[in-house]
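One structure, as structure tokens, below. Some questions next.
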Amino acid sequence: MDLSTIIGLGSGILLFVISIRMGGPLGSFYSASSIVIVLGGTISATIVSYPMNQIKQLFKTVKKTMSKTNFSSSEIINNMVSFSEKARREGLLSLEDEIANLDDSFMQKGVQLVVDGTDPDLVRNILETELSFLEDRHAQGRGIFSTMGSYAPAFGMAGTLIGLIRMLETLDNPETIGPGLAVALLTTFYGTILSNLFFNPMAAKLKVKSSEEILLKEVVIEGLLSIQAGENPRIVEEKLKAFLAPNERESFNKNTEVNENEAA
Amino acid sequence: MDLSTIIGLGSGILLFVISIRMGGPLGSFYSASSIVIVLGGTISATIVSYPMNQIKQLFKTVKKTMSKTNFSSSEIINNMVSFSEKARREGLLSLEDEIANLDDSFMQKGVQLVVDGTDPDLVRNILETELSFLEDRHAQGRGIFSTMGSYAPAFGMAGTLIGLIRMLETLDNPETIGPGLAVALLTTFYGTILSNLFFNPMAAKLKVKSSEEILLKEVVIEGLLSIQAGENPRIVEEKLKAFLAPNERESFNKNTEVNENEAA
Amino acid sequence: MDLSTIIGLGSGILLFVISIRMGGPLGSFYSASSIVIVLGGTISATIVSYPMNQIKQLFKTVKKTMSKTNFSSSEIINNMVSFSEKARREGLLSLEDEIANLDDSFMQKGVQLVVDGTDPDLVRNILETELSFLEDRHAQGRGIFSTMGSYAPAFGMAGTLIGLIRMLETLDNPETIGPGLAVALLTTFYGTILSNLFFNPMAAKLKVKSSEEILLKEVVIEGLLSIQAGENPRIVEEKLKAFLAPNERESFNKNTEVNENEAA
Amino acid sequence: MDLSTIIGLGSGILLFVISIRMGGPLGSFYSASSIVIVLGGTISATIVSYPMNQIKQLFKTVKKTMSKTNFSSSEIINNMVSFSEKARREGLLSLEDEIANLDDSFMQKGVQLVVDGTDPDLVRNILETELSFLEDRHAQGRGIFSTMGSYAPAFGMAGTLIGLIRMLETLDNPETIGPGLAVALLTTFYGTILSNLFFNPMAAKLKVKSSEEILLKEVVIEGLLSIQAGENPRIVEEKLKAFLAPNERESFNKNTEVNENEAA
Amino acid sequence: MDLSTIIGLGSGILLFVISIRMGGPLGSFYSASSIVIVLGGTISATIVSYPMNQIKQLFKTVKKTMSKTNFSSSEIINNMVSFSEKARREGLLSLEDEIANLDDSFMQKGVQLVVDGTDPDLVRNILETELSFLEDRHAQGRGIFSTMGSYAPAFGMAGTLIGLIRMLETLDNPETIGPGLAVALLTTFYGTILSNLFFNPMAAKLKVKSSEEILLKEVVIEGLLSIQAGENPRIVEEKLKAFLAPNERESFNKNTEVNENEAA
């Protein structure tokens, strides 16, 4: 899990614990039945909304997507440029040796297609189809979190209504009105916090992580097609560097110089 | 109906029954007139919103779409690859014998068009038109549920307003205020639960099921056009496998090996 | 007006009348001034939002669009197929005699263009421009209802605020608080019902009716262009039948058999 | 300013004045400080949201866009058809004399480009770029009103919160609770009315006016390109009439007959 | 920071300070713990939603984007036209001397590509890729503000719920109810003001600034490609002037006359 998710969640929870603690004991903000209503309702509705296999994959996708990406865009561009140089010197077939060294199955598949002499249009077609399905799977995972983010406040309100209705039935003892209402409002509170500190932010983070991964794959596709077209390695580099943000580009230039020295 | 829908709905209803039961008798949460207002209002508004024939088809579409899909993407890809091999060996006309064995009318129609020697552009045109209408019909069914999901809370609130206005007219007896308000809030509670545990989740599930079915049909279209173009069976398989998620692809590879052994 | 609109509106109104009547006299839910605020405010805001000529056309468009469509898609396909056969036998010019028998001005115009020997690209261009303007006009009418559906609850709330502010100024007599609040809440009730039982459902129904009409016109365009291209009547029929839903297709097949017998 | 805007705003304001007056003196609904909070807050937030030059242009754009369009689509089509006839008789250069008579700078520019013998693709390119920027400017003006329509209720609520918090601090005197709450609710009332009777309807009207103007410009572009291509004046007329709504088309036919008589 | 942002924020804050001050001491509207809950919650949720590097870049992007753009569209068009004249007179290579004088890295890169004799399609490809990533980065920064604008009211409500629940637990002392509720409502007030006076308006301003910068870059791309194609400087000017709003165009004409005099 990347650091900002942990820091954000941790500081958010700490913040509310302290805020609540400042006004009195924490205990009065804990209600097992309220948690069961909000979380249970949200999860039940989510199970109705999505097929089991998607919900099961959720944890896997989330874990994978929330972890630090294992290689950077500058690394990929360097790979592509060096492949391009090798292909120019020794021919496209020489790239076959590199496939085993790659730890990304998408890149492996792409290089294999190029080595096999597949038609460039078909290479693009196959890789972009794969990319668009990857995008769909990411959108699914994200969609589940967004959906939970909209169910949680609704079931929070449903729980408050249950408490409210119970309390209103027995108005004879005025001393119980306050505490009864307090407990009823707890589910709304839980629903709001769950939705705005966890579900919605997780959906947002998944979106950012997804577009980063998609971008890397697009760099791979553009790079492979340039290599297959036998373009000049400098043009390949120029083309792919356009995918970088200005600050990444600077750090890239530094890295490549190092790499070029190493390569030399 | 697929399992997750039943499990989700069941656990959600159970959850609320238990939550309510824990605070007192269930009876005070049952109000026939509240149910009539929320459900009746929602259904009336839905009848104004959609023509009768679409509402009638709703149950059929839902039943069909919620049931387990009867054949999987790997099965379809296997079909396509074996058709591709047969067409290469024995010519496109040999596929005519297969039509009767197919239990999907879309696939039957597609193979028939290919066997008839229809122009590839026209084949794509006809099948994609059909697919886009299928998509429209799915969107209709889903739209009805979404619409109901937005009407239910509104009529819940309308019912609460009716109860509230009645109660406020006769404030002379303070003892009836609480119970009156409790009954008034019941319709809002029903509206919230109906919308967030049933209508909206059903619309979400229909969307997932629809895109799964659309995807299978797209695999069929791509496969048939590749067969018609006389492409190599291995290319056909490679192209179609791009439609699979990575985990499906692994299980597909296992299946095909089995199939190839059987075929051998 | 098609049946479902009448049934839906009628049952919805009946439902609320009965629900209200069950709790006491209907009279306490009638307030002329509340109706004036909600309806008057909504209509005023709509007049600011749209030019007079669009608002005037609204009733006409609604009446026309809500009425039962006077001929079905299968009838249009039959027409197109028979035109196609006639054009093949006797030449495109022979279709000129049919124009007078057509009761749809769009179809008349299309056949006239084909008979005049207009360039196919221009035929498509002219008919699609016309279709897209028809779509725009439908979207306008629908937009007015959606807009009213969002204004009605807002003016309902504004009316409640007026009542509330009045009531709060004169809190000295506690006996008037309840009834005052009851009257104030009436405008919110009216706004909710108007929006969710009338304006929003009407906008939804207009959308369905519009897409049905657009679809029929698309069938006409595709059919006319196929006829002009001299395509085989069976291909024309196959192409156009792709526009039908499966259940319509079955009933179409029955109809055509009857027609073919009659034609024979 | 076109009539419907005045009528709608006038009748809306009158309606609320009468509704308020019926329940008591108008004075208790007037609060200078509430107006300052709602309007001041909305304007401040709008100034943060948009650069000064766009806000300054707002009044100009609004005034121009809300005024009655000075010439109609049928007039423009007649112009185009007569230009087309003149160009056919006397050559494209003869249109140069007409430029001075045109009072629309867009049309002037278009005719000038055609007279200059500019390449048709470039003519379309330049005019459509201009049109898309006109659309952007309209969207900006509309966007400012929509934004104000969403800020006004928010600042209305903020004002109510200020009043509420003040009132709650000094609960010792129960007689002031009612009037205090009444004043607090006034800002919410102002925000609702401003948003739903003025800002949102103005944004809607601007959208309609904008699409009308865009449509006229599109007629001009299509017409000029047809003239440049030397198309038959009857085809030009047929093409451009597709842009008209059916009822406008009828009135157009009457007008042209008159014009043709005059021209004869 | 451009003037309107400062004026808007300043006047908005002043307005609320005065409004609050008019009713009593400012002190009762200050609550450190409320500020901590709203701002802390919003920031925590934002940290979960976005990766650290994007949040860090936020201040930089905002500062850069909110500052006055350092050169205007008319200046850029003049540059392009003079480059076009120079390229016609002395050849494309002569533009190399100009690169050092340019203070915009995007324009430098573009001119360099043209001077290098890069294929026009590749020039467009590289520059548009860069532009689309610039757009993405702007959208990110804007997205963070929008997200904060939706979190702030939610955490405002969460804070109010905390205060409300605390207060309801200890209803025994009726004198503390009012002040307790007042403090509880403060967080909702803070959330509303933060969202509607700061976060949402900042997101809106960023959008305007972004589209202005994108437009300038589009002018550069179109200009460079026209120069590379060796188009007539007058055509280049005409093409690029279509990007200007009418009022900018007038001021541009004045400027160019001055420039042309200077150039002469």
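Chains here go by letter, A, B, C, D and E, matching the order in which they are written, and residues are numbered from 1 within each.
Here is the rule we go by: a residue touches a chain if its C-beta (ideal position, glycine included) is under 8 Å from a C-beta of that chain, and two chains touch if they have at least 3 such contacts.
What you see is a predicted model, and the numbers here were worked out from it, not measured in a lab.
Participant: Distance from the CA centroid of chain B to that of chain E, rounded to the nearest Å?
Facilitator: About 42 Å separates the centre of chain B from that of chain E.
Participant: On a C-alpha centroid basis, what's the spacing between chain A and chain E, in Å?
Facilitator: 26
Participant: Would you please write down the residue numbers of chain C that are in contact with two or more other chains?
Facilitator: Within chain C, no residue contacts more than one other chain.
Participant: How would one label the connectivity among the chains shown: line, ring, star, complete, or other?
Facilitator: Shape = ring; chains linked end to end, path closes on itself.
Participant: Which chains make up the ring, in order, starting at chain A and heading to chain E first?
Facilitator: A, E, D, C, B
Participant: What part of chain C is in contact with chain D in the complex they form?
Facilitator: Answer in residue numbers: 33, 36-37, 40-41, 43-52, 54-55, 57, 105, 122, 125-126, 129-130, 133, 136-137, 140, 147, 151, 154-155, 157-159, 161-166, 168-172.
Participant: Which residues of chain E touch chain D in the complex?
Facilitator: 2-5, 7-9, 11-12, 15-16, 19-20, 22-24, 28-29, 175, 177-179, 181-182, 185-186, 188-189, 192-193, 195-198, 200-202, 204-205, 208-209, 211, 235, 238-239, 242-247
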